[in-house]
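What follows is a set of structures for review.
Shared between the two complexes below is subunit A, which has subunit B as its partner in the first and subunit C in the second.
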Partner chain A sequence: MSYAEYLAAIGPEIALTIAALLVMSIDALWPRSVRAIPWIGIAGLLVTLAMLPMFRAERVAFSGLLVIDPLAVLFKVIALISVILVALLSISHRPLRGFHEGEYHTLLLFFAVGLMFLVGAAHLLMIYLALEMVSLAAYLLTGHLKLDPRSSEAALKYYLFGALCSGLFLYGASILFGLTGTLHLDGIAEAVRASGLSAALLAALVLMLIGLGFKIAMVPFHLWAPDAYEGAPTPITALLSVASKAGGFAVLLRVLAVAFPLEALDWQPMLWVLCVVTMSLGNVIAVRQGNIKRLLAYSSIAQAGYVLVGVVLMRQTPAGLPSAMIYLIAYLFMNIGAFAVVIVVSNALGSDKIEDYRGLARRAPLASASLAVFLVSLTGIPPLAGFIGKFYLFAATIDAHAYWLAVIMGVNSVVAAFYYFRVVRAMYLDAGKSEEPIGTARPLQVAVGVTLLGTFVIGVWPQPFLLFAAALPLGF
Partner chain B sequence: MTEPASLLAWIAFVCLVAVTVGSAVLVVTLRNLFHAVLALIASLLGVAGLYLMLLAEFVAAIHVLIYVGAVATLFLFVIMLTVRIDDAALRQSNRQVIPAIALCGAGLALLLAALLAAPWTPVEEIRPPGVQQIGHDMLTTYLLPFEVVSLLLLVALVGAVTLARREDQRT
Partner chain C sequence: MDFLPALIPVLPLLAFAVIITNGRRLGWSACLVAVGASLTSAVLAALVYSRVLLSHETLAWSFEWVRWGETALRMGVRIDGLGALMLFMVTVVGTLIEIYAIGYMAGDKTFSRFFAFVSLFMAGMLGLVVADNLLLLFVSWEIMGLCSYFLIGFYFHRPSAAAAGIKAFITTRIGDVGLLIGMILLWWTAGTLRFDELLLAVPALAGLGDAHVDLMLTAAALLIFVGTIGKSAQFPLHVWLPDAMEGPTPVSALIHAATMVAAGVFLVARSFILFAQFPAALTVVAWVGGFTALFAALIALTQNDIKRVLAYSTLSQLGYMVMALGLGAYAAGMFHLITHAFFKALLFMGAGAVIHGFHHVQDMRRMGGLWGKMPWTAWTFLVATLAISGIPPLSGFWSKDEILLGAFHESPVLWVAGTFTAFLTAFYMFRLFFMTFTGRQRDGEIHAHESPAVMILPLVVLAVGAALLGIPGSPWMGLWVQHSLDVPAYALAHHHHSNLVMGLSIAVAVAGIALAWLMYAPRPTIQPARVARAMGRLYTLSLNKFHIDEIYAALIINPTRALARGSFRFDLGLIDGAVNGMGWLQRALASLKGLFDKWVVDGIVNLLATIVQALSAVFGLIQTGRVHNYLLLASLGALVIACLTWWNMG
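Up next is the complex of A and B:
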């Protein structure tokens, strides 16, 4: 491959890197232009998003270190849309106003660059580096409000837990390298097929699962999530719960589907247990939360459990992977939307307590209605995106004859409905202390509008998403 | 193990492991943090020795340069500049030390059992990679990771500056 072809393979990534460097330089050279900085970043993200279709050709680049396949492109779209929405949320989040916004948006863009490399990585070295880039930016963004002790505490916990987990991931990767003699995922698969199951292979898988489980906040590696989600600036909470998880899922899918062939090592029972524990524990603990960010943190742990259902079943039924992807896309819109309304409320009230949501419907009718839509969608009620996602996950379980999984998911959805509707009840049925109307800043209106649109469109007209997801090749 | 050369290598290996593990234990048990960092340096030097035994001279040199030279020095600076912890004797463990040791011990035993029985893929030819070879690989096969590392360092740099910058207390 010539250098020109190398450059062509990662055109969108290069464009986004240039945007990040541009934001950084503008912030350094013209400090007065601080109002324009987030918009430059968003423009860069939009350009990158528009470039993606041009670089969709299925190919392997950089001697097999990076693949550009439909799955990677889909994950890149998810990553870019969520980062754009998070950038919009950040503009109006009051505590972030005027507080090193240049550095904040630079880090946000580099987070997106790392994520784009992560979802296409097909080589353990590349996976590790991209994972570190994403994590490092995420730690820094979590602790960005350094004058707020909760933000610093969140970042510290996230960082310590993350450092441990990435160390374990590396250890697992090194064992895998010792067993197979290669770092390429497909090369690993060949060697694993030839040598068959061994205890060391199992150890490698478990160690790598810990590292990736940390990223998607899978139980029992979720312990950092509630504190980190609560303390982080709210837009970053949305980022961690959607973009960061999507990246973790991309690697998990690739590692499980490519590097660990089922005939050598049946990882399905282990993942089945993790999936069930993840959704159940997340939902049960969410019931008792009094802070909306903590509630959404536990809810997002449970949601990751639902996505895992599709991952567990991806080798048993062709519906597995598409259902996981559709759920992830639906989750992107409804979860970021919910956080957008949380920011609207916290800007006005300075509080994230659910008791302060009482009577909100009178003070902010549109915001309350939007939050109600997002929560109903997270519950999985038609005609919204969450319903379509759950519907296809259930269809996949039935298709794979995994009836127990379907039953457990059904029970979980009922438990989840309980705490989602508690928030809706507080907004609509309980009387509030004040009747003073709450305004919504323009960027937040845009973000809520886009996420609402996504939630409704996927719910009412899911065919294009289904067709695209169903065409995803599983062998990569 | 009969040849004198391999016997010598074995002895060197055991010594290096003893230094590495012994000082690692000291790192987590010593009460004076300053001494703990010194033990950490010894442990890291032991690891560098292991790299040398594996014919990875370049990695060994970089390891000494970065970990012993830069990281450990940084640790010492932090300890000396942090007011409260430079001389006090601190307990490094809490009440959960015994369950933690039991759990880690069990994990270690399982891992050892797995690793000792593992069907490793041996490397066919051992060629000590020279600096030239590494440089060549970095700009051809591993061009992308090389560039991504530079972005990673930039992220770390921007973050470190943002976090370390003095603020006028406004909140």
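Up next is the complex of A and C:
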């Protein structure tokens, strides 16, 4: 394969890079066009999304650094949709308005580029580079509101934690290289199969798991998340909780499925424990949160735990991987939707406290109804997307005879219902201090509309999404 | 192209979404959104109709909705001749009524809300028509039920309107439950709810000769028919429809005359294969329809509220359609459904124009002499009245004659009842007409005026339809409409033309009109009061609607209330009695039980909540906010994981 053919394989990534450079240049050359910048970025993202179907033919590019396979394409779609929605949220988020918007949207686009490389990376060096690209953009975006001390503090904590984890990941990767003599994931798998289990192999896995666990905010590597989520600009909170997490899951899936064959190293019990701890701890701590962003931070830790159920079971039942994917797609819509409404409220009230959500239903009936829908969906109640996701996860646990996992997931759902409904109760049943109506900016209306539509459509007609999610052979 | 029919219900649904979310901003222009959507649907429906007519093929489009392992559930649309004709009728009549409502509802504070619900209703009705399976049909059916409830109780500040809304909701609910159980039985027995699969599955199952299967399918047919009885207001669930006249008149015209109530009839036609295989079910259908036709006509004779007369006439005409289906005169019944939609919508809208111009008075005894003041309304109303009375060559004559022809060949008793009903229909409709439009105005204080052009235009269009639509279905054109329905072979009962039936039906119509003229003309030859006195008990029975409402109150509503009260008292008395009778022992036991509840039952619940809260607090402590603690914890966590895994693997 020639180099030109390699370049042709990554057409969407190149297009998005051009868009990012374009946004950066426009910002530098015509500072007065700042209002158009987010829309140029969104247009670039949409074009990239539209290009994906043409670039989905399976192939290996750049001598095995990158692969284009169904898993990569699926995650690229998830990543692009979530970044588009986050860009829409950013336009109307009051603290961001007029504050280095060009820089912000450039970073957002480079974040998306990094994510697209990350989900297709099949080589440890490539994985590391893409991981760093995504992380660096994410640190900067978290601390974008540099005049707000909470934003800066969040970025610093996130960065320090991230630095440790990425260092440990690199350490694990180098051990693996030492053991196997290759950085290609499939090459590693062959060598590992030949050599079998050793303490060094286990150390490599655990160290790499830390790096990836950090990305998906898996307990006990989640500690940065609540602080970073609370301090970051709210659209970036949505980005970290969805897009960044999706990227982490893509790499986790690929590394576990391709590089670590079960016969050499049975990682399932370890991941089982981590999955149970992640969902339980996330849900339990969420119960006492008084800040909606913190509540959603802990809830998203728990949600990652649910997705891990599908990952744990991916070798035991063919339903495992698709169920994790369908849950991730559902989570994309309901979680970003919830953050969109949080932005509507914080724009009007300047507060993220749940007590300020009292009586919201009378002030912003549509926004309240939408938030209620998203929270009900996160709880997993039909006919919404979250129910379909949970339904398939439960089906996978039953199929794999993992009954304990099913029971623990069930108990967790009950605990989760408790804190989600606390917000719904505040909005609908408690009396507020004010009756003044709250308006919603147009881009936020679009974002809420799209996420609401996604939440309902997946709930009512899941079949196309199931087909989409089921197209994942991934090294079987 | 094949999914085109699927768009038809989606357009009004979008209109509903737009209006309900932007009602305040849209204001008056809400009606433009609604009319625009249904007009586009009408154009699409015309396209679909012409395509189906020309090719005689069935348009079908469906997709896999959800799959559990091997079982796939498909959703989609299916348009045959019957569906295309219904689509055409619903969109045309619906659009005209919406245009009319622009004038009728003008100035109403809830103008946009009205158009939002009418659009949602249209979406439901069209969804029901295009549905290719009973499940989608049921969902649309329920959407219509909900809209009907909202629109009947549209003036909810009026207690009678609120009560009528609740009455309609609860009464039709009985039918809906029947339909749902019928669907479940059908799914259980035949394994599908898709109409094209049922067409094959039901005859195959019936061919087995298994008594159990036959019983199940007959039960399913009858339960589905219970849904029809509810929605199409057949005896004994007819009581909600007259009360539904509390809604705004365009709603009465659209929902309670032309379209929604016809959905019940359409349901029987759609699932006719079930009925055709089991004659027992068919007989029930025929007799319920025939009885309702006669029964409602008898009540209509004596009512004085202009909308109520029309409401009972709707019941009676729906009875005709149901009877036709029951007699196997499938095409005739559906033909009557279409012609009835036009002339009944016209009658209601004419009545609405009268009420509108008469300052919201509905009592015919105060009207009279409106001919001169409302010429357009009067002329179009006359056309509709002649049509419903069955005067040739207007539309109602041809379709009614077809039904009576079917009855003549299948069941002489029902034929006699139907012909007598035709006589009564001509009589009470012209009674209404003469009382309203001829003579002198009896209540001189009201200054009636003609309606604005936006209300007159739909009347004229409908009048043309009511006059001419019968022609394509007449023997002159070889029953073209009936043949265009693609009547399935199993429903093809061919009846020879009979001059006796036709002559008699014209004769009774003329006789009915003549009698009405004698009694209600400006200078009556027969005094109605004397006739009423001569009829005695019969007159009061009809005036009081055969006391059905009172019978229901006495037999069902009051006993239910009494039962509720009694149960409450029983509860109260039992506890009191137990406490008093058993003395301190009981009290001690009760307090013991209380302790148990408090410490064990509540305790467990509270304990769990407390544990979660406490855990939450404890684990919350991890989040110190100090990043070096985090790093330490994460590293420790990694170590623990590694050790545990190593230990686990031995």
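Just so it is clear, the second predicted complex is superposed on the first by the 475 of 476 C-alpha atoms of A that agree within 3 Å, B and C clash if a C-alpha of one lies under 4 Å from a C-alpha of the other, contacts with A are read in each partner's own complex, and residues count from 1 in each chain.
Everything below uses one rule, namely that a contact is a pair of C-beta atoms (placed from the backbone, for glycine too) under 8 Å apart; a residue touches a chain by one contact, two chains touch by 3 or more.
Values in this document were obtained by computation on a predicted structure and should not be read as measured data.
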> Is A:V86 in contact with subunit B, with subunit C, with both, or with neither (first, second, both, neither)?
Replying inline: neither
>> Quick check for you: in the superposed arrangement, does A:V344 touch first (subunit B), second (subunit C), both or neither?
In response: neither
> Which holds for A:Y6: it touches subunit B only (first), subunit C only (second), both, or neither?
Replying inline: first
> So, does A:A199 touch the first partner subunit B, the second partner subunit C, both, or neither?
Replying inline: both
>> So in the superposed three-chain picture, is A:V287 touching just subunit B, just subunit C, both, or none of them (first/second/both/neither)?
In response: second
>> With both complexes superposed on chain A, which partner does A:A250 reach: first (subunit B), second (subunit C), both or neither?
In response: neither
> Can you list the residues of subunit A that touch subunit B in one structure and subunit C in the other?
Replying inline: 199, 202-203
> Taking the complex as given, what residues does subunit C use to touch subunit A?
Replying inline: 21, 63-67, 75, 612-613, 615-617, 619-620, 622-623, 625, 627, 629-631, 633-638, 641-642, 644-646, 648-649
> Residues of subunit B touching subunit A in their complex?
Replying inline: 110-111, 113-115, 117-121, 123, 141-145, 148-149, 151-152, 154-156, 158-159, 161-163, 165, 167, 169-171
> Given the complex with subunit C, which residues does subunit A contribute to the contact?
Replying inline: 156-157, 160-161, 164-165, 168, 197, 199, 202-203, 206-207, 209-210, 214, 219-221, 223-224, 226-227, 266-267, 269-270, 273-274, 281, 284-288, 366, 415, 418, 461-463, 466
> Considering the complex alone, what residue numbers of subunit A touch subunit B?
Replying inline: 6, 10, 17, 24, 61-63, 65-66, 100, 103, 106-107, 110, 113-114, 117, 125-126, 129-130, 132-133, 136-137, 139-140, 143-144, 146-148, 175, 178-181, 191, 195, 198-203
